[in-house]
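Dropping the structures in below, format is structure tokens.
Next, two complexes with chain A in common: one pairs it with chain B, the other with chain C.
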Partner chain A sequence: MADQLSLYVDRASPLHRLNPLTKLVLSFSLVLIGFLGPGYWLPTILFVGILIPLSFWGNIGNEFLQRAVRLILPLVLFLFVMQSLFYPGGRTVLVRIWIISLKLESIQFAYLTATRILNMVGAFLLLLLSTHPSTLMTDLTRRGLPPALTYILVSTLQIIPQMRNKANTIIDAQRSRGLETQGSVWARIGALFPLVGPLVFGSLVDVEERAIAIEARAFKAKRVKTSLREVPDSTLQRQVRWGLGLLTLVLIGIGLWR
Partner chain B sequence: MAIVTLDQVTYRYPHTPQPALRNLSLEVNEGEFVAVIGANGAGKSTLCYTITGFVPHFFRGEMSGEVTVAGLATRQQTLDELMLVAGLVFQNPSNQISGAKFTVYEEIAFGLENLGVPPAEMRPRIDRVMALTGITAFADRSPYALSGGQQQRVALASILVMEPKVLVLDEPTSQLDPIGSREVFETIRAMSKQGMTVIMAEHKLEWVATFADRVIALADGGIILNGPPAEVLTSPLLNEHHIGQTRYTAVARLAQTAQLWPVAKPLPVTLDDAEAGFRTVLGAG
Partner chain C sequence: MSFSERLKEDFSTMTLVLIPVAIAINVVIGQIVSLLKLPVYLDSIGTVLVGVLAGPWAGALTGTLSNIVWGLTIDPNAFPWFPVAFFIGLTAGICARYGLFKTWWKVVITGIIIAFVAAIISAFINVWLYGGITASGSSFLTAYLLASGRGVIESVLATNFIFEPIDKVATSLLAWFIIKGLSVRYISRFPRAENV
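And then the complex of A and B:
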């Protein structure tokens, strides 16, 4: 079972070496431009023309496409079908089956919504696949993100799989005592309490112990924290970030103005 | 010279009627290895938390008396200042992993990062404690992918890297198998031999007898015995307070009942003592 929820794929690539904030700004820019920028084809262009090439530049093209297909495609297809069939507006009827009519406008709307979501998830997938969570958090903490918030974000990635392991142990323990955890809906609901109780109370105890453990490591020390991980940055990347921010504002402006 | 001093300490956890420590006074000298034994609920963990300042800073509650560690009065200091002089390792290995780091190497660096130690200074310190605790081979692995014994050594290394003057361990092997326990005990013994002051609450009396310079037995929040292992671990008071005895002492007591072991002969607490004693009493050499 995985020890953590991180999607990170370790590769030696220029994309991996970019400062995490640069990638974060790029991701947010792509999402905002995709949703608010001008043009019907813009999200498609962003995904095909920027995200896919960047994933191959980062030697994670296969992982990116596999994850994109597995994670996003079912959702996007579902959305496409639902939006196409039940979009309230539109006049240009293409096909009519009984009371359901397929209109050109509904297909266009469904396509735009689906590609926007594809672009959004793809942008963050690229960030997560090419950026180690620890590097991202180290950089954000250095830039002023509160350490407590960083701790919550990073520890969640690791502690959730530990809780999942614990839940499986509790399920096995309760089954060995004859608890029915499979079968009808009512049997499953009935089994929920003996499973959730020990997990919740056990987790509360764990939280106290973990609090002591991080206090014992001077987590609350009122000193300027340092980091073992050195995260490189450059003037060029700073300029790129500002440029991306400006471009995003301009494209959003054009999109809203039109 | 005393590095840890408790003077008439009484402590009660919030919302509990009975104190967990009662009028407890104790001195631990620099470089000494002191084992604290006692039945469950005797106050061992509370004593560990008190020495490291978690009582009263973390647990709150009512406390009277004075605790001094390396010249610092714990009640007047903040926890992070106290962590520089007294490090705490406790029972559950996985709960001592911070969850904030993805490799063992980074996990050990966590405390140093919080203390603001420059990275160039961190690396030699981390390398040193990893070698000392025998976990160098796990540097790039996730702390969660290790066995209990290995995780406990990571927890130990994470505290040792902060270079505390006193190492306090609260039943560090209670959740480990025999191999994991041995790994942890050997590491603690190595630290002790290097001159570190060690205070360890522990149930495994055979290990206590082997490693400790002095043993303190607690019952109902107070000290009932305080002295060399051979003296404390053979006291009849231990059985009265459900603390037990080492298997070597138990066998010798049986031999005593059978009039094989002279009443005047001290009871053994270690395997070596027992072997030598039985050779003598059985006339085998």
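And then the complex of A and C:
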């Protein structure tokens, strides 16, 4: 059975033991504050002063930094170059090469955007590295998320690796029958159809069987279902969640007011 | 039939099982295409498929969740773009509802409408979050337009209106081909089978 598609890293740490909703609220708060809150250095402070320490508290510091760098670096570099050179709000010219000029305000804007994105990616990365998807789903369902939605999300995370394996199998099979997968752009586009066709139709045929299978297992029954997993929560965490929510609103208010 | 009744009908078990498969189709094909470095995305085929077979709201949900899943597993930079995917699914469903998915040339029209909607919404997100320059190839065109003195919104919109139609028309046609390749008996199990 193909493994689940997730970033989860299993460690025993206080961060991992936190209720998933707390972590979710934390991530969203950080993202919203990062994008809408006041202050030029705010996203930088959030990332360096909150996200990185939290990741080490959760024993996932190394993975966090590695992944964050790998995900962000190419994007940020490109963004930085493009925005520094082409952002239309620039005034103070620092360097001029031919018709392209590097302006101070553009670099400042690029830095702000880059740190905001870094903050967003970091916040979600922290959540994903420390929370098993099933735990998150179980907790949300218990709080009232429609089971249909839970099914869709969990099922998607399972199906994608399955489909990828199928895709690789089909690619191998077609290549052993002489399908040309290298070469010119047109050759590659042409190779797309014998690969995608069996994959898509094979997966769609499954749909009807699955639907029958889950209906036979009382999927649509209205009763509250008992879960195998127990997800712990505490009053302190509930208070922290509300506190974070309030803080986020206040900071966004200040940020928008400025 | 009231709105909530229609909604419940649209979200039948078949729909609920179709959505993850459609999201997976979006992700896998989207990844293959980006590996081939083609100037299109083709990451909304599943979204359009669900929009046509199960109605606008199911399509919108598929699009949104596709973005979220893509953001969770491949590239978190995809998160802010979910409204675009939302409206792609919604538009596809609405067009199909009005019979625009029955012949190939009507499908092309649907593709153009979807492209239009997607271009406008993504332009707004683009400008609001990134100041107009993202990390895609189309940004070079935007940058050129900006340097030549046009306003930010104008430049981004202009860029989008060139790239989106190609992608969305191709997406719609591919979704149509897929539907045509399925048996009538199979299609009839879906809530909005009358769309095709």
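Assume the second predicted complex is superposed on the first by the 256 of 258 C-alpha atoms of A that agree within 3 Å, B and C clash if a C-alpha of one lies under 4 Å from a C-alpha of the other, contacts with A are read in each partner's own complex, and residues count from 1 in each chain.
By definition in this document, contacts are C-beta pairs under 8 Å (C-beta built on N, C-alpha and C of every residue); 3 or more make two chains touch, one makes a residue touch a chain.
If you're wondering where the values come from, they're calculated on a predicted model, not measured in any experiment.
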Note to self: Applying the document's definition of touch, where does A:I159 land relative to chain B and chain C: first, second, both, or neither?
What the structure shows: both
Item checked: More chain A residues in contact - chain B or chain C -> C
Margin query: Going by the contact rule set out at the top, does A:L104 touch chain B (first), chain C (second), both, or neither?
Written below: neither
Notebook entry, point to check: So, does A:V121 touch the first partner chain B, the second partner chain C, both, or neither?
Noted result: second
Next item on the list: Would you check which partner chain A:A167 touches, where first means chain B only, second means chain C only, and both and neither mean what they say?
Entry: second
Notebook entry, point to check: Counting only touches as set out at the top, which of chain B and chain C does A:R223 meet: first, second, both, neither?
Noted result: first
Next item on the list: Using the superposition on chain A described above, determine whether A:L71 touches chain B (first), chain C (second), both, or neither.
Entry: second
Next item on the list: In the overlay, answer first, second, both or neither for which of chain B and chain C A:H132 touches.
Entry: first
Next item on the list: Return first, second, both or neither, reflecting whether A:A148 touches chain B, chain C, both chains, or no partner chain.
Entry: second
Note to self: Identify the residues of chain A that lie in both the chain B contact region and the chain C contact region.
What the structure shows: 6, 151, 155, 158-159, 162, 206, 210-211, 214-215, 219-220
Notebook entry, point to check: In their shared complex, at which residues does chain C touch chain A?
Noted result: 11, 13-14, 16-21, 23-25, 27-29, 32, 36, 38, 61, 65, 69, 71-73, 75-77, 79, 129-135, 139, 143, 146-147, 151-152, 178, 181-182, 186, 189
Notebook entry, point to check: Which positions of chain A touch chain C when the two form their complex?
Noted result: 5-7, 35, 71, 74-75, 78-79, 82-83, 85-88, 99-100, 109, 113, 117, 120-121, 124-125, 128, 148, 151-153, 155-160, 162-164, 167, 185, 188-189, 192, 195-197, 199-201, 203-208, 210-211, 214-215, 219-220
Margin query: List the residues on chain B that touch chain A in their complex, please.
Written below: 52, 54, 58, 78-80, 83-84, 87-88, 90, 92, 94-102, 105-106, 109-119, 122-123, 142, 144-145, 155, 158-159, 162
Item checked: Contacting residues of chain A [partner chain B, same complex] -> 3-4, 6, 132-134, 150-151, 154-155, 158-159, 161-162, 206, 209-230
